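Should a chain be cited, it is by its letter among A, B, C, D, E and F, assigned in written order, with residues numbered from 1 in that chain.
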């Protein structure tokens, strides 16, 4: 059973949190994901086909499955961010944070007064995590700002210096797009890689957790080796599509079936 | 775009229909499954976590994704079987058909009078498949009886001789259980294999399609080679769990990441 | 606001109850239907794309909209019939009642002991209709058996003589199919019409309400003139499709638009 | 965290399992219920406004909240009973079991071959409870037959002697109705009490758990003192209505508010 | 049946409107709440686990149950505020209104041009409330701004002077937090009480309704005596949890059961 | 099967796209609408009773039914606009665009960098439309700004000159309200008509598609004749209500039934 304390212990020891990613709505799929052994599972309300109502059941299922439930907010909007926290997300990844001011708006939505302006009302979070929610958990939910544009890179110091920010999460698809690179996943183009290194370096200076949205275990291992401590590897939709396509391919092909089977399971 | 005619052409040519299997409720997951290239995708209301309401959206998604939507009924009950057909399933797999009488009850629920007692009212099926539904499609929806108990094997001829039956679908887990074998999937125990061969042989005699619930492409290739013409390979839940577990395993292990990645994607 | 008493007053005065029909799931559509002015609105769980969960919200919406909520059961199964009554349906139309024994099974599911075997637990019905539910409403919910097969015609007297039955509802599509007529709606073929007349005659003898599933106001007026006192006219799905198709046709055509508009609204 | 073993330990020690009851659909309400501290929480698909789809999320929530999830089936139908077990219910309460034959049909649906005919496919149950599900949990899920009619009392020995039955659960409303008593809850009429005692006595002889659907803690304490070892106390809907009505009453009245408040919270 | 006119009559007579509060999604729970006798029932989309889709069915249920449906918006965002009004909420409580400008943005979203910028399209509201909606109801829906921060207190006059505002609703938890007090409910700390009195006083001067989120009938009676005319007392979630916990406590304890029972029901 | 290319071909030939409109949530109703033959069907999240979760299933159903799925956003908010596009809407109609700045914010949310700031992640859109989505479809989704206030008319040139805007869609109800006219639909008041003409004229100058929300085929024909190339005609809710009301009226009246029937179907 992974908790915020588990994550902090992982980070304190210099290791990385392994994060699963849910884009398919539904509490049963989320439970399957959570039971696979991730430290955290993030419900993606931004590009995922998930809305708030789905997310609530998914948080229950993820907690039941033993992982820490996180959410990517659909946008930097305080209403939905607070709703996700009240429903039991123990951290928020916020897309497209492009300036210090935007970052302060985001982080403020995650912190109660006087640190921020999160409204008090942890309707599910308090029953779900117990009295410790008011003391130690609620005030320390994770707040990850996504840096994924050239503008955000220009404002990186302002973003990183917002008090209460937990970390920066890099989205390679938008970052590449913004920097004029055609890669969508696991970037290798030098000037994109350089930008990523800069984010990492700023995080290390500020004591922030550096996170990355990876497309494969290989790249995730690579990013951990670089110093990232929060890595996403694949998503439910990708696993489902890949598994189904491989099975169909194995059935359509004439390659020896036994070998195809080995590769699949 | 696969249709009932596509399936018949496959069978007429002696080839096998490749079937996907959905146990996770939700139209988006079903669309992912359908787009993977299966000939048919079956929504499992028996052991799947799916009910009628979910199934309707999944039929839409499967048809949109280019596969023929089928359903496994929760039980041999005419009410739900007719509802699934009216909603657009082009065939029903019925669990636990143990006698000729039970088979007649099942098949009758799939056929309009005078062949059976299906009530007329293809509320979605007619708009979804056009006027041909009344002429050629509705009267010929697929009806697969599951043979999965010792009792069914004893009554195999009676089951197979019910007019209007399209085929027999073998469920290896229950069959093994009923025959006292511990295997759940891809049976190899001789007396179970012998029973399966007997089903196949009766199907061939009667001109019925023999179907099998396989656990791997290798076994499915094997069963096709034996003469089965309708094979299920894996399920959405299995693909999702396998993909997630493999990714987590790759991250937890120290094996060279690149190799793990290759095996996964 | 229509109630069971309103219906009884209509019938006592020799007039007919005008019934709307819902096949599209959703409480908002049901409220639109109910507000159109029907005496009763029936949620169709048999050929409609509606399940129990949908039906509950639809009963709330229909009651709010001022009509009496009824339901057509998916099949002659006591579990779902009781659930629909407990949720607030004030009457059940049961499909495919083919014998006196089947009718007794159906009616018994609608009546508490000692008249029947309905289990006591009107979880929503009692709050929704008040204390009168236990006294006068619950014991008198409507029970309509559908007569729609040759077999049912053969057993008509046995069906009609089941104590507690409220009426017989004729389904013309299945009846025509069963009697070998190609008509689906508003039958005119003599031997089908004759069968319908026989049902009507038996109802009159027994003091049962005769109901009919009509395809048009014209036919409904005709059936009322014959003596039917419970007539369904159109369905939500038919109204929606007809309205949309007429609008598209009006836009695609070159006929004077004003005239098309007149026909539409 | 309550498990089947916890329940068995309670019973082995001669104490009673305290059961909560859910009639309102929704996973959040179910989590609130489970966190209140019941040993088991039963999702009522019979008189509750809950269907299968709701029940799945409620099982997740109940397990998360630390109670053992049970379900009351809508009726003695094998399809839905198996679906509820596959989805993670660890026991089934079956309404209206009136004969030994009906009891055998019910219990058979809960037991795998050769003890019964439950189809193998614990799609959620196995991941949710681990490998122990196949070994010790699945084969021992609880099967409670409801005795609630005069007919059932006549067949009590036949019902109680069905192998694999876990216990008998008494429903006082229907039992009273069937025995001609107007009481709905917490019966005190002598011949009803006598019938209840007879059920208890048969349970003790057969080593079955005797269960009772109580309307108040006082009656539940009384029934435990009599020897019942599985007692339901109140339901979510009753708690909600009682709390809301008491608050409204306190606001509408002129009684000293402080006193009203004490009674409420 | 409570309407906007009922509320106005209550206020005109100097009495207080008694408001129920829904944080649990679902139309059946909302109907139970509404039938308990509140004047108004508010669906809380801010801290409640409710989203827009849930709210629509809850508005239907609340209206059916005889109370006036209101909603607390998730945040001061015009899109969702307008959607809630179009769906039939007859008033909006807006969280965290901290300045006159924010209040004008909120009130403008509730008023049609030229008073505000609410877009015209009362899709459900007009059918649900009839033609009067366009004339007298729609233009006069209730708009309550929440004052719950030190900043809002500083801008109290600017907030209160926004034309079209109906009242101010005080949220004690956030107000206490913002003023450095640890109390969450029913505040008694002097400087918080003083702030509340100031809000009340400004409301009286401006002819605004003063509302308060109370934790108990006692405090609500107290606030009414102070001059508040819109008081919330408890919530569905609190009633459910309190009832369940009290029942469990009564069963776990050895206190005389009869007494526990009396306290509960 | 209508696609973006179909629409462009219609516009290139000088003809008008005929648009259906969905305000009732649900994928089955949306499929009925789509199968009626519209070129496009718009899911209305602004005044419709639809939210994001509903919209996803409706997009699947509309695509399946052969029309191009569009959506009206609930408000000019980037989060929901991007979610709708990622889920498969091929165009967005944005309400209440009142200035060039607001238009730029809207259009930017529909365009990837460097043209805009839409975040990359077409989770359903890419599988649903194939690889062409990344090349030609995604970058060219339709972006229609609604001009429906006096303020927008004042800023018409600024609005119309935003790069990437596809067209302007006129909402007559709000426009009339804002211009002080009581008409809600199909305006004829001269100064409103004049304003509409001005929008049309600016569109023609800028090469933008002019769209209009019509209340009848007659008015739509009229607007097409004026030069509008995107016309909405009626809505699902209007068709349903009109059909039901006409049927009830036909039953309540004494007019010759046959004639009523002709007018209806």
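In the analysis below, contacts are C-beta pairs under 8 Å (C-beta built on N, C-alpha and C of every residue); 3 or more make two chains touch, one makes a residue touch a chain.
Treat the numbers as computed from the prediction; the structure is a model and nothing was measured.
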**Request:** Tell me which chains count as touching both chain E and chain F.
**Result:** A, C
**Request:** Mind listing the chains that sit against chain A and also against chain E?
**Result:** D, F
**Prompt:** Hey, which pair has more contacts between C-betas, C-E or A-B?
**Reply:** A-B
**Request:** Compare the contact pairs of E-F with each of B-F, A-E or A-D and report the one sharing over half of them by residue number.
**Result:** A-E
**Request:** Take the average of all CA coordinates in chain A, do the same for chain F, and state the distance between these two points in whole angstrom.
**Result:** 35
**Fill in**
Expected list for chain E, residues touching two or more other chains, is 25, 28, 32, 35, 49, 51, 53, 56, 77, 80, 124, 127, 237, 241
**Prompt:** Of all possible chain pairs, which ones touch?
**Reply:** A-B, A-D, A-E, A-F, B-C, B-D, B-F, C-D, C-E, C-F, D-E, E-F
**Request:** Please give the residue numbers of chain B that touch chain F in the complex, ascending.
**Result:** 27-28, 31-32, 35, 56-57, 60-61, 63-64, 124, 127-128
**Item:** Sites on chain C touched by chain B in the complex
**Value:** 23, 25, 45-49, 51, 53-54, 73-75, 77, 80, 95-96, 148-149, 171, 173-174, 177-178, 184, 237, 241
**Message:** Considering only the defined contacts, which chain F positions touch chain C in the complex?
**Reply:** 18, 20, 24-26, 28-29, 32-33, 35-38, 49, 216-222, 231, 233-234, 236-245, 247-252, 257-258, 260-261, 263-265
**Message:** Under the definition above, what is the set of chain E residues touching chain F in their complex?
**Reply:** 51-53, 56, 77-80, 82-83, 86-87, 112-114, 117, 119-124, 127
